[in-house]
Structures are given as C-alpha cells and as structure tokens.
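Each chain carries a letter (A, B, C and D) given by its place in the written order, and its residues are counted from 1.
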Amino acid sequence: MIYGKDKVSDIQIAYIGGGSRGWAWGLMADLAMDEQISGTLRLYDIDQTAARRNCQLGERLQQQPGVRSDWQYKVSDTLAEALTGADFVIISILPGTFAEMHSDVHTPEKYGVWQSVGDTVGPGGFVRALRTIPMFVEFAEGIKKYCPEAWVINYTNPMSVCVRTLYKVFPRIKAFGCCHEVFGTQKLLVSMLEDQEHLTARRQDIKVNVVGINHFTWFTEAAYQGQDLIPLYARFADQYYESGYTRGLDNNWMNNQFACSHRVKFDLFRRYRAIAAAGDRHLAEFCSGRVYLDNPGQVRQWGFSLTSVDWREQDLKERLARQQRLLDGREQMDLGGTGEEGHLQMKAILGLSEMVTNINLPNQGQIPNLPLGAVVETNAVLRSRAVRPVFSGNVPEAILPLVSRQVCNQENTVTAALTLDRKLAESTFANDPLLDRLTQAERRSLLAEMLQHTKAYLPAAWAL
Amino acid sequence: MIYGKDKVSDIQIAYIGGGSRGWAWGLMADLAMDEQISGTLRLYDIDQTAARRNCQLGERLQQQPGVRSDWQYKVSDTLAEALTGADFVIISILPGTFAEMHSDVHTPEKYGVWQSVGDTVGPGGFVRALRTIPMFVEFAEGIKKYCPEAWVINYTNPMSVCVRTLYKVFPRIKAFGCCHEVFGTQKLLVSMLEDQEHLTARRQDIKVNVVGINHFTWFTEAAYQGQDLIPLYARFADQYYESGYTRGLDNNWMNNQFACSHRVKFDLFRRYRAIAAAGDRHLAEFCSGRVYLDNPGQVRQWGFSLTSVDWREQDLKERLARQQRLLDGREQMDLGGTGEEGHLQMKAILGLSEMVTNINLPNQGQIPNLPLGAVVETNAVLRSRAVRPVFSGNVPEAILPLVSRQVCNQENTVTAALTLDRKLAESTFANDPLLDRLTQAERRSLLAEMLQHTKAYLPAAWAL
Amino acid sequence: MIYGKDKVSDIQIAYIGGGSRGWAWGLMADLAMDEQISGTLRLYDIDQTAARRNCQLGERLQQQPGVRSDWQYKVSDTLAEALTGADFVIISILPGTFAEMHSDVHTPEKYGVWQSVGDTVGPGGFVRALRTIPMFVEFAEGIKKYCPEAWVINYTNPMSVCVRTLYKVFPRIKAFGCCHEVFGTQKLLVSMLEDQEHLTARRQDIKVNVVGINHFTWFTEAAYQGQDLIPLYARFADQYYESGYTRGLDNNWMNNQFACSHRVKFDLFRRYRAIAAAGDRHLAEFCSGRVYLDNPGQVRQWGFSLTSVDWREQDLKERLARQQRLLDGREQMDLGGTGEEGHLQMKAILGLSEMVTNINLPNQGQIPNLPLGAVVETNAVLRSRAVRPVFSGNVPEAILPLVSRQVCNQENTVTAALTLDRKLAESTFANDPLLDRLTQAERRSLLAEMLQHTKAYLPAAWAL
Amino acid sequence: MIYGKDKVSDIQIAYIGGGSRGWAWGLMADLAMDEQISGTLRLYDIDQTAARRNCQLGERLQQQPGVRSDWQYKVSDTLAEALTGADFVIISILPGTFAEMHSDVHTPEKYGVWQSVGDTVGPGGFVRALRTIPMFVEFAEGIKKYCPEAWVINYTNPMSVCVRTLYKVFPRIKAFGCCHEVFGTQKLLVSMLEDQEHLTARRQDIKVNVVGINHFTWFTEAAYQGQDLIPLYARFADQYYESGYTRGLDNNWMNNQFACSHRVKFDLFRRYRAIAAAGDRHLAEFCSGRVYLDNPGQVRQWGFSLTSVDWREQDLKERLARQQRLLDGREQMDLGGTGEEGHLQMKAILGLSEMVTNINLPNQGQIPNLPLGAVVETNAVLRSRAVRPVFSGNVPEAILPLVSRQVCNQENTVTAALTLDRKLAESTFANDPLLDRLTQAERRSLLAEMLQHTKAYLPAAWAL
C-alpha cells in the first residue's frame, strides 16, 4: 500500500470466490467509483473460468465512463498466490453446487420441514456448514501462512460458523463478517418514518443498538435524531400486523426477490418487544418449526416466501446472460452505488474515515449473556487499523432462549465439523428448532439422507 | 441450640408444610433415630389439621421402642411463630390441591402433550411455578424478618425456581434444595456393579461428579474405589438398551411407584455420553415432546409410566389410612432409615460431621457455562457452619443446549411470576420443549386454559 | 427539548458547581458558539454568589458580538430546582476550600511524601474522596428523584470514585465522566508527527485505543491515517528521553500552567511499551513514591512540577479579576473554542452527530481484566440517545499490577466512604503507592492528621 | 496398580528431587506405615548420589520393625525412566545450590531489603522463580510425554509459579500443589481453643474456608463443632497482640526452627479482619517492605526471625549426619506420622477415602475476584479419581489489593521466564512490595546483581 494525501493506492485485495456474480460485481462497482482508493483485485476461485470472466469484466469496467478510480484485475491460480502480500481478503464462496443446495433446501420437505432459505440454520444450514467449515479451515491456514496481518471480510453463509472457524484455526486472525440484513430493517424504519410521520430519513441516520447473531439480530434501541423509535414501531407493528407492510421494499440486488411483508417481524415484536432485524425469510428459520414454517400455506399467510433452488438456478442463468452483455458492451455496470459497505469498511480501516456499523465478530463481552468466543452481530467501530466491537448489552431475557439455543448449536456444529464427531453432529442437528416437530428417528434419518446426497462435498467420514 | 460433647440439643426446626405425609414422616423417623441431635420440630401448614395430625404422630413416635433421640413436636399457628428463633427451616409444601395438579398434568393431554410428572418443567411445571413462587416470596420475606441466619432446606418442586425465588427475595439467605433423584442413579450404578462385576457397593461409595439442574442432572464422572465407571456404564447401557434394566428397583417410599427401566437414561447416554441422573419420568420431560413422551404407547415402549393424578389421590388415601393406623397404634413407623439426607445435612452444618453430596444452589461459578445465579445441582461440601459448592466443570457441550434452554426458561419463569409479566410468561411457556409440537396458537390457548383452571391459587393478574 | 431541523432548542442543563470559574466558563463559551443547540443553563452552587456572578457573565456573553446561539442563564436556589426537568446535568464542583486542598497536598510533605496534584490518588486524592463522595451521594439521590432520565456528565475529581458513587447510589443513572488529559497526549502525538515527519495533523485524527483509569490511561494502539504510531513513538521517546520534549506545549486554558516535558511518559513507555496518556504530573502520582516524586529535586529532573496550593490561590485571584473585567466589559470571552468536548457530547446524544471519544464509565467488560463495575476510561460511541463503551481489550500485563492496585483502592475508598468503615479506610489509604516509603505507623499517623485538618467537610465519623 | 479389597498395590510413584532429605523422608515414613497402599518409589534426582542414599534409606526403612506396608525403592537414571508408567509424580526439588540461595536471600540486604525466607516472593522468590520455571517446563513436557494421566503433586517453591508453569506447558495435566502452612494456622486455632476455652481439639476438626495464594492464604471462616472461631480469634489476637503467643509451637520437622509468635498474624487480623494462614515469616514477605521487614530489629520486635542461608547449611549438615546414622542403623526413622497429607491425598485419589483439604490449583472460579488460571490456594475435595476445588468466595475487599498485586506479579514472572522477556522481568521485579522502599535505579541494579550471581542456573538470556 502507498499512502498519499487522503488517498491510498496499491491496495492488494484477495477475493476468494472471485468468480462470484453477486457480491463480487457489487464490490467492483463500488471500488470503481471511490476515488480515494486504488490497487489490485486478485480473483481466486476453484471455478477458474468464472474468475477469468470476472477479471475481464473488471477490465471492461475500468474503461466505463464515469469510473473514478484505477483498479487492476488479476486471476490468481492458487490460494497461496492470491493471499501472498494481500492487505485485505474477501471471502464470498458458494460451497458446493446447486445439487447440494437442492438437497439442503428440499430434502427436509419430504419430512414436512420447510425452509425459506436453508443456508444459515435449519437442516440445510447445518449440512451446508459441514461442507463449508473444512474450506474455511483451508482459508484460515492460508491466511496464517501467507498474510497473517491482512484484514479478512467474510460474506459467506452460514456466516457465524464460517467466522468462528477462521478464529478457531487462527486465533489472531483479523476477520469479521458482513451482512446487509440489518440494513434492510433500518430501511424499514426509514419507510416507517415516512409512513407514520412523513419524515424523510437516510438509512445511516437510523441509529440502532444491534444485539444477536447473524440473520437473527435484534434492535434493542432505535433512534432517529434523538427520537426513540421503539414506541413508534410498536404502533406501526400493530397497525400492519394483519395486513403486512409492503411499501418501501428493498431494492438491493440480492434482496429484491426476497421481499417480505414483515408480518413475522411484527409478530416477533409483539411477542418479544424488540425489533428483529433481518428479512422474515431468515427470522422464520430460527423459530420452532410449526410457528412460521409449518407448511407453504402458512408461509404465504405470514407474507414471505420459500426460496426454491429452481429459482436460484434461473436467477443464475440471468446473471450469466447479463455477464455476457456486460462483456460484449451491450450493457454497462450500474455505478450508482450498491448500498453495501465493504469498500467503506476497508477505507475506514485504512484510516480514510471512521464508521460505526454492524458486523460479526467473536464475542469478547460485547454481549455479556452469550458465551465468549461465539460469533455475534453487534455494532463495531471501524477506523484506522482497528475494528472494535461496541458494548451492546444483554440479549433481552425473553429472546435469550431462542438465541442461545442457536449459539449452542453453532458452537457444536463447528466442533463436530472440525473433529468429525458424528454423535455430536447428530445431537446438534436434532436440536434445530425446525426439527422440533419430528421424532428422534426421523431426525436421524433425515440427517443420514442429507449427508448421503451431499457426500461429494463432504469429508469422507460423514459418508459412513 | 446447646452444644455438648458430640451432641447438639435444643435445635429448633421450622417445618413449612408441616402437614406433609411424605417428606415430614421420613424426616421424623430419621431424626428419632439419631442420638446426636435433639430439639423441637415446629410444624406449620395452611392445613392446620394436617399439621396437628403430624404433631400427634410425632409425639406417638417418641414413645415408640427403639427411638434414640428426644424431639418435641409443636404446631405453629403462624409462619412468624414457626420461624422466630428457628435454626433450620424445611420447606416441603404442596402448592394448591389435586384439582390444580389435575389441570397441570392432564389439560395438556387434550393438545397431545403428555407429561410423566408435570411438576418440574413442561406446561404443568410452569403453571405450578406461577402459583408456587408467590408462596416462596412470602417464605423468603418471613425468613429475612424472623430468622435471617437460619439454614433453609427446600424439598418443594419445582425445585430450581423455588430456590431461585428465595435468593431473589433475600439474597443473603442460607438456603439450598435437596432431592433424592441423584441417589436413585447412584443406586443404579450399585446394581450395575453387581450385575456386571458381582461387586457389592454402597450408594455413598459411588463417587460422582454432578452437573446440571434438578431432575436433569448428569454425571460426567463416576467412580467406585478408583475404578472409572463410565466405560462400564457404556457396556451396560448397550446391553440393556432394548430390554431395559429392571433389577435393583428403588425402594424409597416415594419412588417405589415410579419405577422405570432406565431405557431413557440409556438412550441419553448413547446420544450424549454422560449419565443422566434422575428417574426416566423426569428426564423425559426435559426433552423435545416427540422424543419420549409422544403418546402413552411410546412411553410404555420406553419403559416408564405417566403418573396420573388419580393415582396420587389413591396414594394419599392410603397414606391417610396409614396415618390413622399409626395414631391408633395399629402400626409403627419404620425406623430403618429412609436413605434421605436431610438430618445428615443438618448434622454436618452443626459441625457433627462432614459430607460431600449433591444439592441445589445458585451458580457462583461451579458450572462455568451456565449463568451465574441460576439454581444448579452439583456436589457441595457441607460442614461446620458452611455449605459450599464444589467446582463441577462445564455441562458437556452436546448437552448444554438442552440444559441451558431450561435454565433460560426457569429464569424467565421466576421473572414473569415476580413481575406478573404476561408477555414473558407466554413466551416462556411457549418455549418449553414438550410444546415443540404445537403451533403458536395452540401454545397460547393451552396456557390460557391452564391459568383459568388454576386461578384459585394464582395472583389475580393471571386470570384475564 | 424541542427538535427542529438539525437543531434542538429549549435544552435544560443543570450545572452543579455553577459558580465554577473554569469548566463553566469554557462550556458557556462553547455553547454560545454552537448554532445547533440552545436552551437554559441552570447554575446551582453552594456558593450562591459565585453562581450569580456566572449568571451575569452568561447574560453578558449572550450580548457579545459573534455569538451564534441563544442561551438563557438562571440561578437555581436548590438542587431540586436545578434538577427538576433537566435534560443534562453537569457536575464540576470544588469539594471544600483551599484550606482542605492545602492539607491534601501539603500535609504529606512533612512525611516526605510529595504530590504533584493531590486530587486523584495519593493521600490527597484519598482524603478529597472521603469528603466528595457524600456530596455525590446527594447528587445521585437528587437525580434519581428529580430527573432519572437526564444524562449526567461529571468533571469533578477524583473522577473514578465520583462516577462510581453515582452508579452505586443510582444504578440506572446515565452518567459518564469527561477529562481532557487524553487529548493532551493526542496533541503530543500531533507534535511528534510534526517533529519527526513534518506532518500536520489534527488531534481528532490521532486514533487511539484507550485503556485504563482516569489520569492513568494508556494507548495500546495509536494510528494516523493508517500509520502505526507506536514504533514512531518508541523512536521519539528514545530521542527525547534525556532532554525531555518541550515543543507543542498544550495551550488549553487549564493545562497551560501545568506543562511537562514528557520525561515521565517516555520513561513509562520504555518500561511498559504503551503510551501513558495523561500529563506527567498525574502519571507520576500513580507510581511508587520513590520513582518520580521522591523529592522536589527529582521532580525537577523529571521535568514536571509540583502544583502548590499557593499557586492555585493566586490563579483564582487572577480569574476573579478577569471575571470582573468580563462583567465590566473591559474584556471579552474568547470564543475561539476551548477544545473541550462537553457540548459536542451533548449534541451527539441529542442525535445531531455521532462521535467516538474517551470517557469514564463503569466497566461492563470493555476492559476484561479489570473488575466489572469499576469506573474505567476507554473510548465510547456517543450518538442518538446512547453512550456505549467500545471494547478496548486488556490492560497490558506489565501495566496491570499498577492499574489494578489503584482500581482496588478506588473500590475500597468508595466502600469505606459509603459505610464509614475506618479500618477499610486505613488499609486503603496505607496501600497507596505514594506511601510505599513510609512505615505502617507513619501511614496511620498521616491519615489521622489529614482527617483532622479537613474535618469541617467530612462526616463526623471520621473525626474520632 | 492393582486394586484389592480396600487396598491398592503396585502403585508407581515417581519422585522428582528424590535425593531430598526433607519431604522425601517424611513421605517414606508415612508410606511405610499405611497398610492400604504399596508399590514402588522411583527416586530421580540430578544429584544421583543423594537419590541413591535415599534408596538405601528406603530399603533400610522397610526392615524397620513396625513398618506396615511393602514399598520398593528404585533409583531412576533419567526423568523419562522415572515417569514412564508412573501413577503419581511428586516434585520436591531444590533449584540450584546454597550459593544461589545465598544470593536470593542476602544480596538484597545490601540495599536495605530484608527477607525472612526468600523463596516465594520478594527479590529472592523472583530470581528463584526464573531458575525454577525452566526446570518445571522440562518436568511438564516429560509428564505430557511419558505419563499424561499421572497425578502430579508439587512441594517445590515458589509454589504458585511452579504449578502455573506445569499447566501452561501441559494444560491437561492433573497437578496440584501442597503446603503445610495452613495446617500450622489450624494448629494455632487448636492451641487458642485450649488457651481460651480449655478445649482439646484436633487440627482436622478446625474447619476453615481457605482463600488466597500459597503462603498468603486467609481463613474467612473458621469453626469448631459449629462454633464460630472468628470472634474468639479477635479476642485472642487482642490479648496477645503485644506479647505474642508462643505456646503450642509447631513441631513439624520443617517448621520447628521457624517458630513465630504470631504477632504479624495478629496485626494482619486487626487490620484486615481475616485470619492470615501461614507462618509469620511468609506473611511478612507479602507486605510492603517497611511494615514488618524494615530491619532486623523490627523483625525481632514482631517476634519472628530471618532464616539465614548459614542456618540452612548447618541444618543440612545435621540432616546428612542423621542420614548416616540411619543408614548405619544407629538411629531409626520416626514412624509416628509426620502430619503431612501427601500419602492421604494419594489414597483419596485412589478411592480409598475422601478428604477436604487445602491445595493449590489454577483458579477456575473458586475465587471469583482473582483471575482465572492463576494458581490459588483453597479447599478442594479429593476422592476417587478426582480433585475438585471448593467454591471459596472472594478475597475480602480490603485484602484484595495485597493478593492481586502478587497474583499479577506471579503471572508476569511466569510469562517473563517462559518468553525470556527482560522488560517484563524488570517491571515485575520492581513491583515487589519488599522493594517499595527503593528507587527505580536501585531496583534495576539489584536485579542485575542477583541475576549475575545466579547465572550458573539461569538461561543465558538473563546474563546480559
């Protein structure tokens, strides 16, 4: 890196999962428009073709009018090559193929277990974790060896266990996890302010205290310019409890398809008195199976939808087509800003700014009633050479049983994956709230089936 | 109290629930046979007739040949009278009548929720807690006012929340809770030693490390004369997994009817690798509803039984008949020793002996991975003027989610009961594993119904 | 309070110690120049004349050209009047008179114990605490009664025990303590950057991780625009170790007289490898008596000075003269900005901005290796309705014994003062590092003498 | 090991420091008289001659009339040989020779710093630690390699840092440290009971709650048969405060020469309201230098004595002469019981008994206000295959600063020794309370001198 006046150049960013057509494109667009930073994006992917395509896309982007910053794109053939000398490492991978994802999401349906996402918790999240954790072991070992001082930002799900794995393998790693679900709920509050008080606010001006774990995070405080938003939200949640609230839907590239009417969020508020801060699709998966995800009809009634893998395949096709158009010059990248914060976080760490935002970090006491070491989502201060969590206080007592159950499961998932402990895997899988409705035998049989389906991407020990 | 050579006389024991026909009779018999201690048993009960009957019984007992110690019996008309000047306070009450117990145990059956005991956790345990906690508030305030230095021993269920309430109301109270379920599992190990190795051991010589909460306690270590019993138990559990093990059934007055074949215990061992240390009837209630208590047929298959309130009523009739026989002199109290430890614990505290045994105390760090303050069951050292928990280590990681879920629920139950917080009551009730199988609406409706049934013994706020 | 567009008006600030001629004047000047906030400053002081003078000064100030904001000034006759309806409470009092301060600072000199300030720790700080804590009990009770939701900012020394007392008396108080000593060390780093690298930086751009207790705080990290300043400081400290560094002396109104050459700071760095972040006068008092404060000659060699009470009296005379000139219109307040942050902190809490700065708060885990509850100085995030500490990490192991000794003493000082426990007062006093050189008898005799001298302002129990 | 009926034979005990003429002889005598255990004592010592002599002594002892148990004696040529297959490992070594001890104890006297023992804390304890810790690294590595399941009992000083080192190197080690200083204070209470109340008690019947660190341990509770001994001790301490109490002096082989009149203990009680539980020689060394150890005259006034190395050399001569007489058959070992507990602790662990006694273990929460991991002295339960600390509560607040200062120093001593960190060594050494009276320069110079004197037994890095 080279420090200039309010600028840093020659920044080396290793992008693991560099063939990504989602997060990678967004980051490329955001970097291109930031005149304070420049350097090289090293794309590493086990799908080298995908990485090469993104490299071409990046080079093309640099030619696009309006671009303000000079970034080089490079494909790294090996993880070692990508990491050596890196200042930042970004991890956004897809662990396995759509075939594995299909099993994660749809196999449980045979047992009457429905998942709206299937990548975080639930049977799908668990099995996905089993195949992702060994990959993160490799990443952590690589970072320890090739760039121990680099800052590492993870976007991959299941977020909590991925970040936990990085720290288990290399405790001194400087890693954190980022997710935009909290932003979506801040935007809901922006929309509420407009709906209820005809006020126009920016997402960043909704100041929230964030407490929880990724995709099951809660606001225990929310304020706008000194105004307490909690009582307002109570009224708002009551007003739209039955109908749902569909204005102000999120336009983020990834969430757009995943809209919800916030009925789950409103219901959780009425039961627990804090604002659940993720999309309803995610929130529902953290609750006991019969509550929101009993069956597709109930899901519709709650105003959200089950994301099928078919849809994901279709969506990818469209992305690939778009990629071709971008490469052909028939279409140009949108440079209007993604709303994501990755580039801003890097800038803050580089000392070019200071920000307070929500990220995922091992618990060092920022949430006193969750175990130390567990990866939690709270606010943190990011600034010159430092990322430090803000003390966020306890998970509210009524919510604690829900959160701590998942935290236990996540800890045990990581341990089981690292030690290949089948008994622990079985008891952890069986303890997932979405499986509450099953008998013990069904839980065991479902796991066996799912492991069988995804064995191509699992350590041999799970195959039996 | 008056200290003599290896003796203490004039001990004042206040017995709250002094009309009890179970624990009280046992204690009376044990006291009568211990020549080192003597004094007065002050019987206090809202059922004064019952207290008077026990008083007569006590006086009669003192006449019985073979009795070794001189105890006076007295009925106390008020709590204040019982407590003033007391050295020890024993609490063993029945909160409410069989009508409330009937609702606790049987109302959930209409929803497909079966309970084998219904006094600890589960919907029955929860509602029982709501009516018991206010009584314990009164006891704690009385103790604080009339005998703050007295030692308090609780036998009442739900144990954990009762003891927690005492400490919440009067933090400096010297209280602990006692339960014989652990002894039953020690006896199972005695029987196992005979079965597997033809060894004759005494219960007290089975040295165990006790970790957990009342009725859901675990042995993480078990040894007999330096021999590690865990591997032996593993073999034993495998051998009798299918058939159950029915030798060596407990002859304790209370447990005799409650025999089990230990299949639940063996299953838990095979899944979690630690020895669950309570009767199967209790253990099953701490697990997700469909696992052991799915339906009466499944319960039979697992080799334990549902304790109906009808049975309890019949049992009481027999006790009353026996009481009459005892008073008439047609029958004599059994002075052979109950196997309970109440009198021994008092002797240890008086400095007449020293013992290490399992009791229920607020967590001060004896189990590091459970919250401070929660009432946990571990070993403790009882000796001259002191009861101190032994450091017992973590709940094993695989079991932690099960235990911590209940600990959360118990904390929230106490808070809800003390603050009359209906939302917290609802979310806590709904989080019970036995209700996992129900929809949210069913959980809410069941609670309303149970509160309605038991409202005679509940604070008015719950009636709504 | 009335919220407008980027403005808040009708803010009610209760100023306890409203006759102050230091902090009060600075705050008045800063408020006058901030166009986003306006309201009323309610001056309360046991010296009502002083409060009235400041009131006149405030009214005069509002007439001064260039003033941007509309503040009303009012004398409150009682604490209750000042607090009722207050949005903010500021506490900056002088506990006792110069006579007491004279004893605090100079009585120990007879025993060969020299203090450079005598208001924080050391024998002077201890006795000052004994007379200040009862006053803070009164303040906390008043705040609890009259304005429990108000934000409370304390400037009074001894800072840590004052803030601790507020929380002990009213645990839900929203109080924090502010001190500019850290700023002075940030300015030293600014000056270092100029001296070593010819860089011009602003204090606020020196990003530091702050760990410690007030007046004995440490930077474990320091960065400027992504550059690690620790290695630079190591070189700087070596270069100026012998000569001291006297450029860039602080021009803050209060510190100007209190300049130092940073030799103590450099010595501490060389011994402990972290940057001590307070004036050398303060730092020296936290160390064993013979190290920096052995005798006046040694103090001169280390390049700082002993602040005598004579000087303070002279300084006050000059302030009073200046006050007269200000009231007469012969002189005008300096409106150039004090560099203090009080008004900025209030604005952040009001939701008008967001800031990360160092403040004093009870430890909730922000420094894991200091006891929970002890008042520590770390960074915090101040923003809309919230002040939350930033996780700052452990006090470095080599420094921990020095800091934790003082933390223990401070805890015991508060307990002794609240319970009037003489034995605890004696052992706590005797444990002060500045008294290390004395025999036990001398320590006891010194305390007795100091209590005797200051008894006019002490609870009667200390008189004996 | 071979388990029989109430007996265990073929126990393998590795004795590191097997040439010891103190602890080894005592253990040999105690083992010889215990009919429940038998096996082999493997003597390992870098002084092979000494080990061989003890081997002969042991064989001779087995011939002695009245011996009840069959022990074999064997010299192990290497540590590996001694450890392989060991069930127990005992460590009682002398680190270095009398020359090093001479420097430890007497070099500081040139600076006006007097030590009464010089092997625990103070400048002598620190330098002794620097040369002992590397030896314990070797022991821990050996145990990890050759007998990871063995129970390890340490008697070597400085106790706390030796045990800490074992756990740092091999965290799963089953080690604890034993010391009889607490017994001495129990015996003082026995004598007090006789003196004050004409009661005859046994040491074991004085039930105490033990809180602190080795040689600076405190009784926060003491009871005899239900009687609270604290008020009695208060009276006793007052009565003998001036004169000292010299009855009932300890006849333990090691302490006999080290008698004290308990004036330090009484003074500590009057200042801190808890019973300091070690010999005054030890206690004094934990306090600020001018309090009890200002000069030899003050020491005499406080009624204890400085143990010179000359005396130790003379004492050794007598032991060697006695050894010769024992080998010649001119004298016989005393088989009356040493009062030490080593053999009893082993029996408890073997499952032959159960005991509650004070030992040194890493803090797992048994003392909540000391850091986790630090080696603390509290009660523990020893029984079949388990040694578990008893929850002992906080160090009383007034005493905490004294204890935590030493705990910090001990942690830093171990870190400095393991990492050869000179700065940390210097600051840790300088923070010892006995050096409070010295200037910084004197502290540094004293350390350099002591390191120079003892360099033959120190890692080269310290020589500089």
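In this section, a residue touches a chain if its C-beta (ideal position, glycine included) is under 8 Å from a C-beta of that chain, and two chains touch if they have at least 3 such contacts.
Keep in mind that this is a model prediction, so the values were computed, not measured.
Put simply, the chain farthest from subunit D by mean CA position is A.
Once the centre of each chain is set as its mean CA position, subunit A and subunit D turn out to be 55 Å apart.
Centre-to-centre, using mean CA coordinates, subunit A is 43 Å away from subunit C. In subunit D, no position touches at least two other chains. Across the whole structure, chains are in contact as follows: A-B, A-C, B-D, C-D. Listed in rising order, the residues of subunit D touching subunit B in the complex are 1, 3, 8, 207, 209, 221, 223-228, 349-352, 354, 356, 364-366, 368, 379, 381, 383-386, 388-393.
Only residues 271-273, 288-291, 294, 369, 371, 397-398, 400-402, 404-405, 408-409, 411-412, 415, 423-424, 426-428, 431, 433, 436-440 of subunit D touch subunit C when the two sit together in their complex.
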